[in-house]
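In what comes next, chain A is part of two complexes: it sits with chain B in the first one and with chain C in the second one.
And then the complex of A and B:
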């Protein structure tokens, strides 16, 4: 039975190369049509009315004035009289009209009477939380005894707030019905699984729901389901008998379409005289809106720490429920852990890298981390430039260095891919998975080209459509492993079929043949060969079409990666303003398909990381229960001039490549919060206990004032 | 968007006549007013576009007098070599409007009279953000970007980039109205409203800001803004200073804070500390302390006192050309 593998290093033409992303030109010129760019003829615009109250009961709702307005086609009540609203921004009603302006005007004409109820939105104050509930306690070893005999102990209360996904293309879709067949151009991370969810809600067979996402503008874990606005959009289109575009307004996108849970913790950690971690005790809490939140993995990375106790409290708030945010729970766990370890290193009088190295046996990947810490330290000139905490220069601007380590899984998801070889030599792949901007289209093409010995422009990739073979959602850094494995298996099988047809002509066995450089030839005697086109012509009149699947045979993928990041910051101690000068990222992700895109993933992680380390947070108003910064004015994202110099080193070669392909979307976004916080502590001599590191929090820490701003 | 009328007068007289009608609002660059209308925060019956009104834009440097028409765009002012050479601090203030689009479309008059960025006001809770039973949402809520010198019920901050500098310079505003032209100090354009129907500026119905005029000779000015991000961001605090006198001696000092109070905040005591004094680290520190005397921070904006002190020190240092 055939087996599957990646080519050896010296035979790789595409794998590990740096081709630019195939859709770069159409995206940068605007020719790429995103779901929100779809404008079928007869299109109606839909908008959603949301609750201004964080907790309320709907007493009455009157849509008659809206229904009577010129240009209004359909008014649809989502939550009617008697409904209890649990967060500001929850959907009440929707309107489809001839234009966005008319739809917005119609929303204003809908009268809703609310009975306003008490709300709670400030979860950092756990003791005041009405619905706080214990959500897990674990212990291992004897932490109390270990603390009692430890050489040094630190205790800190740390935290980071909820923040938004802030997708540049808001959530939404364009729905069109043809009879009882529905077509949805959705901005989604889950093309292959969406149809069933639409179908169930709408009462039509899943086979009559078509989902298309050729391009989409960001998800970060928040776009896996049709959502209420998806179903409502389809209902409006059905009632109106016309296509309906429904994309969230920016304030809705920030408020209800995705947030990362907060995480707070009181943590004690202790070490012995050799700088070995001996005890951990953490009492954590957090909120992911109404559902509360589960426990973050503490202690992070150093999970074999011998004597440990963790407790967690889930705090429900009157805010929209959180969604998976790039590496769910890890950035929080990383910040909470690495900040405490960094403070403990300072307490021990140790260089933090030295301290981490002394404890690497408590991690799952000591060798990887040791190698990565060495490389990162070298890139940062750490040995020459790192100094113990505190002011090291005259003037207001102080510099500091900080380090953090992280881990992630990243195993490829379930994926099917059809590969077809046509008699004229054309090669194409069809795969359901979407390209959420990470370069999926390009890497599938690279695997095809590699397998058939062709150039990228000689292969064609069609993706992001549920008529193509089922292939997993883009989540958990699982896409690259899933799609490259299914594509490789299909391509290797299809090639074997071609070679069976070619072999007689070359008077060789199929197993002796190679496809490289646009030719098929006998291994060891390249003069005995034919062009790819001639080879393909041997298959007869009909194309060869093969489906590849993941999981399957052969070691094409695996999981489990490590990464190390170092941040260098400048802190103005008279204003509390932090600027990131430099981020260094050393990252392992097994076999790299495309170096350029892999580095791009890491750059993106660092940029997003600087954002949440310095700027991004939900600011819920205790008085009204609404978010005060549901906009792009005071919900601050990092701009290009804010992110400093980004330097990326990918671990490749022996020890890494043979592990196969592992996902990369998530790991690089985990460490920035911790590394930047540690760099600030190094620069100013005190820990700023909360992220983001805003001037008020930095000045409070410098003034010896704890507590949230 | 609610329907509204639109008028495009050609003369100041026509504009004044149109603006006198209730519900009329002047439209300059439109970078903010149109958003306020779309968001239903403000409502108008008629917009009176000033772009076509003769005589409202242009820059004149006449000896030591700088005259700037209200409809001059921020970028036109930034590109005027004469004005920038005469008053280099203008460059800092304009560059603080960190987006090229806003500088190209936004006008000097629009910057001076722009509405507050207070997030309660922007969410429809009104300029004073009072609850139905009269409590302040600002003091009970999140006030991290609000005033450290609140005035009565007004707790928002004036967001103008140019106002602190113009007030420090002692510039005059030229206002046209039904009764003709009147001139007033730029700081007199502003007030802290105390009732829901009051505005944060003092223009009467029918009045429009035609321009500003400042004497830029014989003084040194500087602006320092504390801003969290280097990319597009509002200052958390700003200070403008104007010093007369030469060398390290200040005959007279005017110190004005932006983003500190509902109006540009003239820190008179701080100016007095320096008047007739040598600028030294000690006198500058004393002025910075005096600038925040009487500050009444709320639950979440105490840090802005420190920012104000720093901004004053750094602005003074830049104006005097010395390391402070």
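And then the complex of A and C:
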């Protein structure tokens, strides 16, 4: 029975190397055509009218003036009279017109009368929340007794607000009908699963829906569904008999197309005289908009902490529902837990790394974390440079160090890949996956090239189209494991078939043959061999085509990683401004396919982490119920000069590679909020209880005020 | 402003860039001024300047050069340079992200100077020469900056990349070895969501794949 495995370390030509991403040239020259760049002939532009009220009932809607306007092709009411609107930005009507400007004019001509109803958008004030509901309580051991006898206890109320995905390419699609066949150029993370969802809503068979996503401008967990605007876009195109482009305006993108749930908690944690954690009690709440939100995993990483009680309250608000945001629930759980543990270490008079090390047996992977803490501390010169909390310098600018640990799963998803070897030696893979910017196209090519002993330019990868074999949505760091495993299995099987044809010519058994360096030869006697081209010519007139699947046989992938990050910050205690000077990330992820792209994922996680630690938050206005910063001026992303020096250490090589491929997109974005908050506490001597660490919150903490969340 | 070419085709288009500029000091400020210019400042200026013409709201003929090719088209005065490029000329390298002069994804060169195409009306660019990211190089013949973006993995999803490439090319053309304040001034107006700044830093400073610093 055929087995599947990765080549031994000394036989790898591609895996673990650092080739540049294959679509780099088309992206850096602007030649890459994203879904929102598609301009088919006869294209109409569509725009959506949204509710200005956070809670209202539609009394009347009159679209007659819009319909009468020159250039307007279709006016479509999404939510008509009597509909109850539950968040500002909810979709009311859509227009398809000859240009974007005409479509915008038409939206202004639609008259909607609303009965405005009471709304609630400020979930940090849980006691005033009309719809708050208990959402789980768990207890283990005897927390009350443990707190009563503990050596030191801290109690904190901490939190982080909702924030936006802020994909640079907004959500949307170009829909074109040819008879009852629909083609959708969608900005999606889910090429293989989208067709069925469009089909159900539109009443056509899924086999008649084509999804294409050659490139897409960011998803981060928010682009798994056609969404209402996708279905509306398809309906407009069907009614108009013309292709329709519908992408959200930026304010809509920020308001309705993706947010991360908030998380607040009142937490008590206690330790004994040896600095061992003995008790935990958390009362958490949060919101993901109208649906509320579930509980984050508390206590995070130190999940075997004895004597613990957790309660959670879900708080619905009149805001659009949240979506999976890179490492769902983990950044929140990490901040809430690591901030409290850091405060407890200070209360105990312990170096926080020492305190974490004393408690690693409460985690799922103590050896990994111990090694990583050691490496990170070394990189940061922690032993020489860390000092207990408080001002350590003259003047306004104080410096501090903070640490955090995190975990993630990252097992490869379901994936099918067709690999074809042509008689002329051409090799190609077809896979219904998508490259959302992580480098999926490149790593599939590396696996192909590695297996057949070829160079990257000698293999071809086709993805981003649902005519290719089903491969899972890109979420939860599941793509790299899924696509590399299915590709490797298909490629190994296809190669075996080729070798069966080549073996007689080399007077050897197929099992004795290797494909390396563009040749096929007898293992141990490389003089007995032929070029790859000659080898492929032996297969006859028809190509060999094999499908590989994941899951499947052979230890190609696994899951479960740990990571450690250290932040170094400067805080100006006169202005409250925090600057991240340096971020260090130590991360394991099993076998790395492309070192350069893997490092890019970690750098990206750190940078996004600086953003949500210092700047990013949804700011809903309690009076109007609308977001005050549904734009990019006041919803601030971290810029090039904001992120400090970034250093990444990948745990790779013997001892790690044997685990196989594990996903990496999520883990590095989990710790930055906690590590940066801890560094600020170290610098200024007090905890700033809320993220992001804006100047007002820092100054409030320094003044001894809890401050507004 | 030197080296700028002006197409003064008032007879055909009913719109004269030269008279428009003469009409109000606001016009000379160019960058950053968008809507309201024609009906507001310029309109007020018209009261004491006989030369100013009012155009629109209907389509106005404009002629401009984009990546070396001359285009003549009729656009409504309200159409931004970005939307005109993307929707009318199918030049889709410049991306529409914030659409209000914050994120830099639409950065193009106008007569060699970087501007936000979302914050310029297409009629303002009449008679000028626009270079987008596609005009700097092609996948088979990349500009040095584009090659350095590839070599240093200064891109992930790639949606901010066209703006960053143009802004970086403009920065390095002006400051081959830019100081930190020059980097901040040159690239502080561009944002990336995937987090590619480490690679972009390497492009400027010369990293793994070699930067373009110094020329």
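Annotations for the structure displayed:
Just so it is clear, the second predicted complex is superposed on the first by the 707 of 709 C-alpha atoms of A that agree within 3 Å, B and C clash if a C-alpha of one lies under 4 Å from a C-alpha of the other, contacts with A are read in each partner's own complex, and residues count from 1 in each chain.
In this section, contacts are C-beta pairs under 8 Å (C-beta built on N, C-alpha and C of every residue); 3 or more make two chains touch, one makes a residue touch a chain.
Computed from a predicted structure; not experimentally measured.
Look at A:639: by the touch rule set out above, it reaches both chain B and chain C. Legend: residue contacts after superposition of the two complexes on their common chain; A:343 is shown touching neither chain B nor chain C. Of the two partner chains, neither chain B nor chain C is touched by A:91.
In the superposition on chain A, A:696 contacts chain B only, with no contact to chain C.
By the touch criterion stated above, A:183 is placed in contact with neither chain B nor chain C.
In the superposition on chain A, contact of A:579 is made with chain B only, not with chain C.
Within the superposed three-chain model, A:624 lies in touch with chain B and out of touch with chain C [touch as defined at top].
Once chain A of one complex is fitted onto chain A of the other, the partner contacts of A:101 extend to both chain B and chain C. When the two complexes are overlaid, the chain among chain B and chain C that reaches more residues of chain A is C.
Across the superposed pair, chain B and chain C both touch chain A at residues 101, 631, 633, 638-641.
The residues of chain C lying in touch with chain A in their complex are 76, 78-79, 83, 86-87, 90, 92-100, 102-103, 105, 132-134, 136-140, 142-143, 146-147, 149-151, 153-162, 165, 180, 183-184, 187-188, 190-201, 208-209. Chain A contributes residues 101, 104-105, 108, 396, 574-577, 579, 614-615, 619, 621-624, 626, 628-629, 631, 633-634, 636, 638-642, 694-696, 699-700, 709 to its touches with chain B in the complex.
Every residue of chain B that touches chain A in the complex is listed here, in rising order: 1-2, 40, 117, 119-120, 122-123, 125, 131, 137, 140-142, 144-145, 226-234, 236, 300-303, 306-307, 310, 313. Of all residues in chain A, only 18, 20-21, 23-34, 36-37, 39, 45, 99-101, 166-170, 215-218, 220, 249-250, 436-439, 596-597, 600, 603-608, 631-633, 637-641, 643, 646 touch chain C in the complex they form.
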